[in-house]
Amino acid sequence: MHPDTEVDVAGLVLRSPLMVASGVLGSSPSLIRIIATNPDVGAVVTKTVTYRPRTGYENPTLVDLGYGFLNAMGLPNPGYSEYRFELGSIKKSLEIPLIVSIGPSDEGEAEEMVEELDSVADGFEVNLSCPHVENLGMEVGSDASKASGIVKAVRGSTGKPVLVKISPNVTDFVANARSAVEAGADAITAINTVRGMAIDVNAMRPVLSNVYGGLSGKAIHPVAVRIVFELYEKIKAPIVGCGGVYDWRDAVELILAGATAVQIGSAIAHSQTGLKVFNEIGEGVRRYLALKGFSSVKQIIGLAHS
Amino acid sequence: MHPDTEVDVAGLVLRSPLMVASGVLGSSPSLIRIIATNPDVGAVVTKTVTYRPRTGYENPTLVDLGYGFLNAMGLPNPGYSEYRFELGSIKKSLEIPLIVSIGPSDEGEAEEMVEELDSVADGFEVNLSCPHVENLGMEVGSDASKASGIVKAVRGSTGKPVLVKISPNVTDFVANARSAVEAGADAITAINTVRGMAIDVNAMRPVLSNVYGGLSGKAIHPVAVRIVFELYEKIKAPIVGCGGVYDWRDAVELILAGATAVQIGSAIAHSQTGLKVFNEIGEGVRRYLALKGFSSVKQIIGLAHS
Amino acid sequence: MSASHYYLEATVASNISETSRVNTLVLRLREELKIVPGQFLMVWRPGDGEIPITPSLTMGETLCLTIEKVGFTSSRLASLKPGEKVFLRGPYGNGFNLSLPGRYLLIGGGTGAASLTPAYLSLVKKGVETLFLVGARNRESLVYVRRLRELGAGFQVATDDGSEGFKGTLPEFFAEVSSRDRFENVLTIGPERMMVKIAEKCVEQGVSCQVSLVRIVKCGLGVCGSCVLDPLGLRVCVDGPVFHGEKILGSDFGRFMRDEAGRRVEVVQ
Amino acid sequence: MSASHYYLEATVASNISETSRVNTLVLRLREELKIVPGQFLMVWRPGDGEIPITPSLTMGETLCLTIEKVGFTSSRLASLKPGEKVFLRGPYGNGFNLSLPGRYLLIGGGTGAASLTPAYLSLVKKGVETLFLVGARNRESLVYVRRLRELGAGFQVATDDGSEGFKGTLPEFFAEVSSRDRFENVLTIGPERMMVKIAEKCVEQGVSCQVSLVRIVKCGLGVCGSCVLDPLGLRVCVDGPVFHGEKILGSDFGRFMRDEAGRRVEVVQ
């Protein structure tokens, strides 16, 4: 028995429910091209690009906690215009959807960026949830009317699927997801990183040059499961789960909670096998489906609710 | 060199900065009596007691994640009145401060409870942050005026130090801490557990009978460090750090971030050595202070800010 | 942990009625579970709750749980049909110390007869001389004796009403047996008041006695404090469930336990 | 990780000026750090930033870092005084493969002479026949030759202006040496354009060539993608920094790198 792993996220047909999370592995198109040849990768989300190029923060920008990472990269990226050019050079060779992650700081930027990037993107993920960059990400995401305006601008500038990535660092994430959907988002990606920081006891100083950063990896998996589970009951849009997926059980857990697809970030670096982690997880999910007698991964989406 | 480990939390003099966190190890007075003989324990915070007895939730109430726990015990406790009686039976034999954790659902309950418990308590910790109990804990904590009213009621009913324990599950934890201090809190305990959940892939169901629970342990340590660090800059009251302290470095990290004392919960169960974890951490902190040339732990409080 | 995530899945192969109140579930696992006799498992059915059970047999991928229907969860579990699933975590707790020198006397009351069986089989396998006393109110309430017979176990029966074997309670039978013969070790599982009597007698006679306690187990991991034995501050789930009688006599053992709210209540059995 | 939490603390024992632009820090650690020659460390000073450095000597609890002042962080580090602290994480990356059969020719340009020293010492210790060529623009720019002499290393020098040793660039010196003698293995660290020429020559001659690349390293863990070598998608911090010349010739090696914003820019040296 070969269970079917195809899923449909707001019109994007993915051969596998596993996607590469934004920002992990950076913005290099050649890496995207290579990753996209992995049969267990269903889609790639790019590094978040902004209107202008950003060099990001000074090092240190990442702390390895073993059970997760803390990062405050500061959204380094070449800017949307140069990035469009780079993505253009590989777009044709990709067999899977390319989702471009954007971090506009206002509606004007959103429109310009999306119009320009539309030719290389199969969909967009709007990052309103980066916890460590001022005037972008969470700062924008927690200003409800601004966030909503940006999503509307994106929606108005493309006919392609629009995902909005939300933050766990708010009292009422359901409200944020709802207003994104009302503003035109086709799907919600949950979650971005959790606010955190680390202090080195020898240096007696915060490790990250930005002091605060975002926690990812195993540590946040239960937080992601919880948010996906609750969103599944409270919003109508499909959900893409993200956070601490290290093995097939973690992926299945998010799907049972209600995720249509699952993004993987930190595990790529924490796994001994690097990108093969996609194959291990893909194989695990197929074995699980077969063992439980399901013919398609679609059958288990949200099953933990019944 | 024997560095001094005494600290002063809002008037409570602790021989060690290490305290037992609320709820871990439950409410048995005999366990409190035993723990209190450990020279590296500076104070004990009791299980949160409520106005009426609570049986808590059905099992399963706890999930072991390896790097932390998820719990939704549902605040089981015998009620404040019976508990006062039980604490009375051991109070005299305790050489360290006993901090009674209370979870009142309104001002009236708060007053009654504190007046009654005042004779057995050296201080109070008001739990406005339990993430999984309706009408108590976070539900109360996120209703700003109600929370403030309860803290005022507690403040008005005792001359003893009042700690308020805050939740990480809010957008603006600084505002919550500030309003607690304005309402009369002498110190802030940060943090309670982070919202999370787990789904068993075989059972295809949420594990916790309450579905949602609170994440504790290693996983939330960077979140605690970050909140303590930020509170240290933004509020004037002393801070008691709590969250994922498993070894002396974790404790020192919170103190460098700005905590005057540190609570330990999950590590008691995750450590191979059980309550000896207090001695290991205490010894580690002393060695660290000696190595770095400090004569008192007080000298390193908040040092990561300079 | 890594193989099972949170819980191990087990399938009911058969459900054997022991008495009107007690059933034995024969479970199949997907992999062998290593359990020391006297350790317990947390047994979960989503929606029906989760309770601690000391297995009554562990053999490769087969596991038996003998369950008395005392409340909601135990009644649901005891009524499962072949093919239905239960979910297990553990093993938890310390288990019996079976390497103390000398001969062993095992005393099992009610489902305790079942829970002691793995210890019995393990002792016999090691070639240790072992006598197994099982007891109940009457013949109809005897648990697990059919299975013990199948296993070829040598055991002696006591019933309060004498409808089978020795007429009298297990403490009485124990007194009778030990008046004739001295065992260096006693292991016992059963109603707590029965165990207290046996432990007292053992201490009197200078015999080592290990008892397995029941308290409200919630986490099973030593975190929540719900299973504490006062005033000793011992946690049944990690420090026990097996304790040496002399260590806990004089405590709440046999007298008080804590209910689910943590209130101190009298032990009724 | 468990011993050091996030970073290992190291104390500057001395700071040796190599040239006007290059200094060697002699560091003392509290415990030995096991590093394969060619692996690198992330070196942090709070407030001053953190950069990747390939140690120029590792001996018990002593560690040398030879640092060229190219910008803010490197200049701050290169100016540290005895008693000051630096904080280290790593080692990261793959390091050189020193078990390939045959003789070794090591070619170090600028600080590359220092970074190759651990590989040199390791080969000599294994009894492998090894020749070490070090080069710089002129005599004043030669790095680490004093230390190499102290270590009793056999090495030959090339300077562009002939102020010491062979007159010419290292690729020229390499051509000269290999016209006389064939080494089965070449290891090289230096300016990238120099390494490209050497790698091309090696491929021509069928000689195995390992080069150590420099890219912008942020995480050092393979997560952030800042150090990628296009179009191969190789991450210098985990797949490298050492690569076999033939595997990366024809890529951006020697031609393009990415700046801190991830923009593709020309390699200037």
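A few remarks follow.
As written, the chains take the letters A, B, C and D, and residue 1 is the first residue of each chain.
We take it that a contact is a pair of C-beta atoms (placed from the backbone, for glycine too) under 8 Å apart; a residue touches a chain by one contact, two chains touch by 3 or more.
For clarity, every value in this text was computed on a predicted model and none was experimentally measured.
Following the contact convention of this document, B is the list of chains adjacent to both subunit A and subunit C. For subunit C, the chain whose average C-alpha position is most distant is D. Computed from the mean C-alpha positions, the centre of subunit B lies at a distance of 50 Å from the centre of subunit D. Computed centre separation for the pair subunit C/subunit D is 66 angstrom, with centres defined by C-alpha atoms.
Chain centres here are Cα means. That of subunit A falls 36 Å from that of subunit D. Subunit B has its Cα centroid 34 Å from the Cα centroid of subunit A.
Those residues of subunit C in touch with two or more other chains are numbered 5.
Multi-chain contact residues of subunit A, defined as those touching 2 or more other chains: 198, 201, 205-206, 249, 253.
Remark: subunit A residues 23-31, 33-35, 47, 53-56, 58-64, 66, 69, 71, 73, 76-79, 82, 86, 198, 200-203, 205-207, 209, 266, 268-269, 274 touch subunit D in the complex. Contact residues of subunit C toward subunit B in the complex are 1, 4-9, 42, 44, 46-47, 49-51, 73, 85, 87, 218-226, 228, 230-233, 238, 258-264. Within the complex formed with subunit A, the residues of subunit B that make contact are 65, 67-68, 70, 142, 169-172, 194-199, 201, 204-206, 211-212, 215, 218-220, 222-223, 225-226, 229-230, 249, 252-253, 256-257, 288, 300, 303-304.
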